[in-house]
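The letters A, B, C, D and E name the chains in turn, as written, and every chain counts its residues from 1.
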Amino acid sequence: MADTARLSVRDIRKSFGAHEVLRGISLEARDGDVISVLGASGSGKSTFLRCINLLEIADAGEIWVDGEQIRMAQKGGRNHPASQRQVDHIRSELGMVFQSFNLWSHMTILQNVIEGPVHVLKRPRAACVEEAHALLRKVGIADKADSYPAHLSGGQQQRAAIARALAMKPKVMLFDEPTSALDPELVGEVLRVMRALAEEGMTMLVVTHEMSFARNVSNRVIFMKEGQIESSGAPEAMFGAGATPAFRQFFGHFGG
Amino acid sequence: MSTLELLGFGSTGWGALLLAGAGITLAVTAAALAIGAVLGAIVAAAKLSGSVVARALGSAYTTVFRGIPELLIIYLIYFGGSSAVTAIGQAMGYEGFLGLPSFIAGALAVGIISGSYQAEVFRGAYLAVAKGELEAASAIGMNRALRFRRIIMPQVMRYALPGMGNVWQLSLKDSALVSVTGLAELMRTSQVAAGSTRQYFLFFVVGGALYLVLTSLSDQVFDRAERRANRSMPSAMGQV
Amino acid sequence: MDFDFLSSTMVTLIKALPVTLALFALSVSIGCVLALLILWMRVGGNRYLSAFAKAYVFVFRGSPLLIQMFLVFYGLAQFSFIRNGPLWPLLREPFVCAVLSLALCTAAYSAEIFRGGLRSVPPREIEAARSIGMSGFLLVRRIIAPIALRYSLPAYSTEVVLMMKSTSLASLVTVWEVTGVAQRLISHSYRTMEVFLCAAAIYLVLNFIVLQAMALLEYSLSRHLRAPAARKA
Amino acid sequence: KDWKTVTITLEGAYAPWNMTNPDGTLGGFEPELAKVLCERAKVECKLVASDWDGMIPALNAGKFDIIMDALSITGERKQVIDFTIPYAQTPAAFATVKDSALANAAGSGTEVKMDVGQTGVKEVDALKEAFKGKTIGIQASTVYAKFIYDNFGDTATIREYKTGADRDLDLQNGRIDLGFDDSVYFQSAFDAAKGELAFTGPQIVGPIWGEGEGLGVRKADTDLRDMFSAAIKSALDDGTVKTLSEKWFKTDVSPK
Amino acid sequence: MADTARLSVRDIRKSFGAHEVLRGISLEARDGDVISVLGASGSGKSTFLRCINLLEIADAGEIWVDGEQIRMAQKGGRNHPASQRQVDHIRSELGMVFQSFNLWSHMTILQNVIEGPVHVLKRPRAACVEEAHALLRKVGIADKADSYPAHLSGGQQQRAAIARALAMKPKVMLFDEPTSALDPELVGEVLRVMRALAEEGMTMLVVTHEMSFARNVSNRVIFMKEGQIESSGAPEAMFGAGATPAFRQFFGHFGG
């Protein structure tokens, strides 16, 4: 039921031109849920996350956050959010880490991290700076606080993007391949951070190619195929005997 | 009379008048740039907006004010504005001429023109801002105004600076047309000096040199701003 | 409104249109080539050429076109070595001088505009090109120029339109184009506003066409920024 | 209307008629004459400089009351503004480079009187023969331009300049062979050209140049026009104009 | 010896400001060598590949390709390649797949792929288009040939970047995390392609976080730490008993 779920998505559909990328996706997440979203490249995982955040406007479907439905209106034959204020408010509660990082190039890493807390949440600056330093330490790039994004390695940028999203202290986090640029040691590190967040009750939706994460950290796994949820369930079931042939074929290569 | 005397500051030299003219040129241009920045930002926003009406209005503004000769716009604002003010004055029982002050009319006219140039500069710069960075701003719940102030503005400034330098130059020179409103700016002062002394070359060259002085001052400001804005950019252009 | 007067004014002004158009077309195309040359000097890495380009832009962007044209036409001719030089048959012609000073001036502005466009090219895409062995002209032609052009267009369209209006200064050097003829009409009739409005209408139409053409070019260069078409053909 | 103060405009850049002194004050023939006229009309006068281009529209818009800027009284101008009686009338003549073959053409040093629209004058026809195939520079849209077109249009090349000063420069530069203009104007231009230029051919005088130079006023201000016409008449009658004229032009320009 | 090695790098050093990122790296690669470059985020792996390709100019060291040394010259106190022609030539023999893809945004995927062969190598266009289609099929994005990069998912962009580099038929390929955005199924696919290339004799330098690749496909593993090669050797030795403590700590998380 919507009133107990942190995040609830119902029958989302989205096309780009003639190409139907999402063909009716539904999902419900409660406090502390860690949901892995798996699927082949191009199956619509990023698009799905972007629709939840309203960076793409779904053609049809409902999105509820904290029991509040995002109101939509028709304008010129196309779907549109009815209230920009509602959207801004909801977005500030949904954190997002982008596949391509999207750090603000005109700000240093520290500025990137404190931007949201200071200017959107209007928290006192000094406190934000302190927290930001702590976060940067946590992800291991404390020494890069005053560098610009263009001067960082790929993995450093990715960690900065994670720190930026966490600094907003969102209730729900949407991660789009948060460890793609990281080495195994750092992957372990970041996964540890995420596990701690989950224990603190944060809801997380994680697009990942990291099967070990899906198996060991998440409490639910969703396998997308061609814009639909092909199968979903607890990791033990999904990776165990209950695996559908398609999913088995997909993760079978894992461990190589 | 020797050239030095002609350009000096004594009672027989034109130095003081020319400098005063340069001062007025600078003031008109600065005022016009400020007016134009406000208009330009509004018009650029209109042209980039989703509303068909706003886009049409924005295009009309940039087409008309870029498209018709500057002198006519100045005439329209100065004489048109003056007629309007005089008519109001007469309705209230005041006899005679109540023109818009020359400076205000001039700055307004040049500002309106400058706005149409700046709108295009801003629009071009906006298009150069990486879309992903705008999405990242939306994603943390920045509203439109905040996104504009914190993410778009600083980056637009970075990409717009060379173009703004151009607009400044254009306005600097459009301000020379303001003399029809009776304002003794640099161009008119040079022409008056040339006509009064019949030393056309001397005063045109000196006038041009004073414009270059104004340019070098503004270039310094723009250079510094550019360097500041580019701290965060990788420098791939200068490499092999 | 005196329609007879307006229509006869229009007819007179339109007769001067070919002069305006010729000044415009020649100065914009010559200016554009010069601008590329200046730009190349400016960013090419040679210290002296770069300093020269900077100085060029400074002088021609920094002083009024009116004064430049005056000096090119009346000033150059003061020197007897120019009057006796090989270029005099060309420089003697007012039309040549007008085109020359217009082109020199727009080159400075355009070079700055193109430089702004260059700066918007994502450095990573340049790197990708270098990594397959592109450099120099090939790199510019295939990668940098198309992207830079795309970002320069809004500002460059302004510059082109300005050139259309700047041709009006040519009457200073006895080349009687539309504005000059309009001023002549005014000094006969003293109907300043009416004549100017006719002239403005002509410029507005010309510039409207130019701006539409530029907008079309911009649109066709922005396919990669637009959403894909709703239905594949 | 009760005239107590009157604003008079002039360009302030047309020596010696009117010019600006380096200290910003106005000087020359017209400012001095204006002072006399205002005393006689018993009004207080304010002189302001303004641009030649906007002068007539600005007069009609009410920005000032009188134009005193060597403004020739012509039928065309009379359609938009009104004039006082003339306070000056000047002859016109050709000028050329001192050592050119065209110097000292037939009739140099003499005076020829012509009527409005008159052609076929013997002295002028002699010049026409002498100037065949030459280039004559004139200031655009002046009575002198019309004279040149009427009398030399078929045998000489005519080039129109925006200002007399530009034309004089080109005469010195050798782009044109002859100039034709107001001889008072030429006289002062020759001083500036350090004696390189000189008159050639006869001085041409008479009604062909119109009634002369008068003050321009708005059509509605007939009272003002009459006040100043009376003042001009008295200044002409007692020789004040002649004195001032000889001071500034070294010749008498009072209308005959 | 240099004359038998395809690629030979000697004692490369590179600093950004005060930060010394590469502190003397040497490496030799022969035909068909597949060398995995491992290391923590920020250890200088990308910078190393970029130096080989001269996208960054090393402060010191030598680079030999095919027995030909890249000539350097001092200019203004800084190192510079002496001949741009040589650099262009060598680059066209070194393929590079970037960590951040760097596709040309103004070209479609097909145009991206044929750009180099047509304009740098000047091969006939029709043949290039055909090969490009074959390559795109091989990496599984044949249907995206006419899309622009901005309309592709992360994994699709990465595959396009691989196709673009392969289209140049280089002798040496430099891969910077070529599978970071790919799902396990595709990772397997791409690794298969790379294995085939190795068998055809292509030399490859692969920065990767994919331990299975390092272990199973490459014939040499290099472990970088703080700008130096901490250890290197055959995969069996490196991952086996011969592992240094640092490397064991690094890959220990793998599979974990």
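Here is the rule we go by: a residue touches a chain if its C-beta (ideal position, glycine included) is under 8 Å from a C-beta of that chain, and two chains touch if they have at least 3 such contacts.
Treat the numbers as computed from the prediction; the structure is a model and nothing was measured.
Between chain A and chain D, the least number of touching-chain steps is 2. Comparing mean CA positions across the assembly, the chain most remote from chain E is D.
Across C-D and B-D, it is B-D that has more C-beta pairs touching.
Chain centres here are C-alpha means, and the one lying farthest from chain C is A.
In whole angstrom, the spacing between the mean C-alpha positions of chain B and chain E is 50.
Measuring from the averaged C-alpha position of chain B to that of chain C gives a distance of 19 Å. With each centre defined as the average position of its C-alpha atoms, the distance from chain D to chain E rounds to 82 Å. Distance from the chain A centre to the chain B centre is 46 Å, each centre being the mean of its Cα atoms. Under the contact definition stated at the top, the residues of chain B that touch 2 or more other chains are 75, 79, 200, 233-234, 239-240.
Touching two or more other chains at once are residues 54-55, 84, 87, 100, 150-151 of chain E. Listed for chain D are residues 53-54, 57, 169, each touching two or more other chains.
Of all the residues in chain D, the ones that touch chain B in their complex are 11-15, 19-24, 48-51, 53-54, 57-58, 61-63, 165, 169, 188-189, 191-192. On the side of chain C, the complex with chain E involves touching residues 122, 124-125, 127-136, 138, 142-143, 146-147, 150, 221, 223-225, 227-228.
Of all the residues in chain B, the ones that touch chain C in their complex are 62-64, 66-72, 75, 79, 116-117, 120-121, 123-125, 127-128, 159-163, 165-166, 169-170, 173, 176, 187, 200-201, 204-205, 207-209, 211-212, 214-216, 219, 233-240. Taken together, the chain E residues at the contact with chain A in this complex read 16, 38-42, 45-47, 99-100, 141, 151, 153-156, 159, 177, 180-188, 191, 209, 211-212, 216, 249-256. Within the complex, the chain A residues that touch chain B are 50, 53-55, 84-85, 88-96, 98, 100-108, 115-116, 119-120, 148-151, 164-165, 168.
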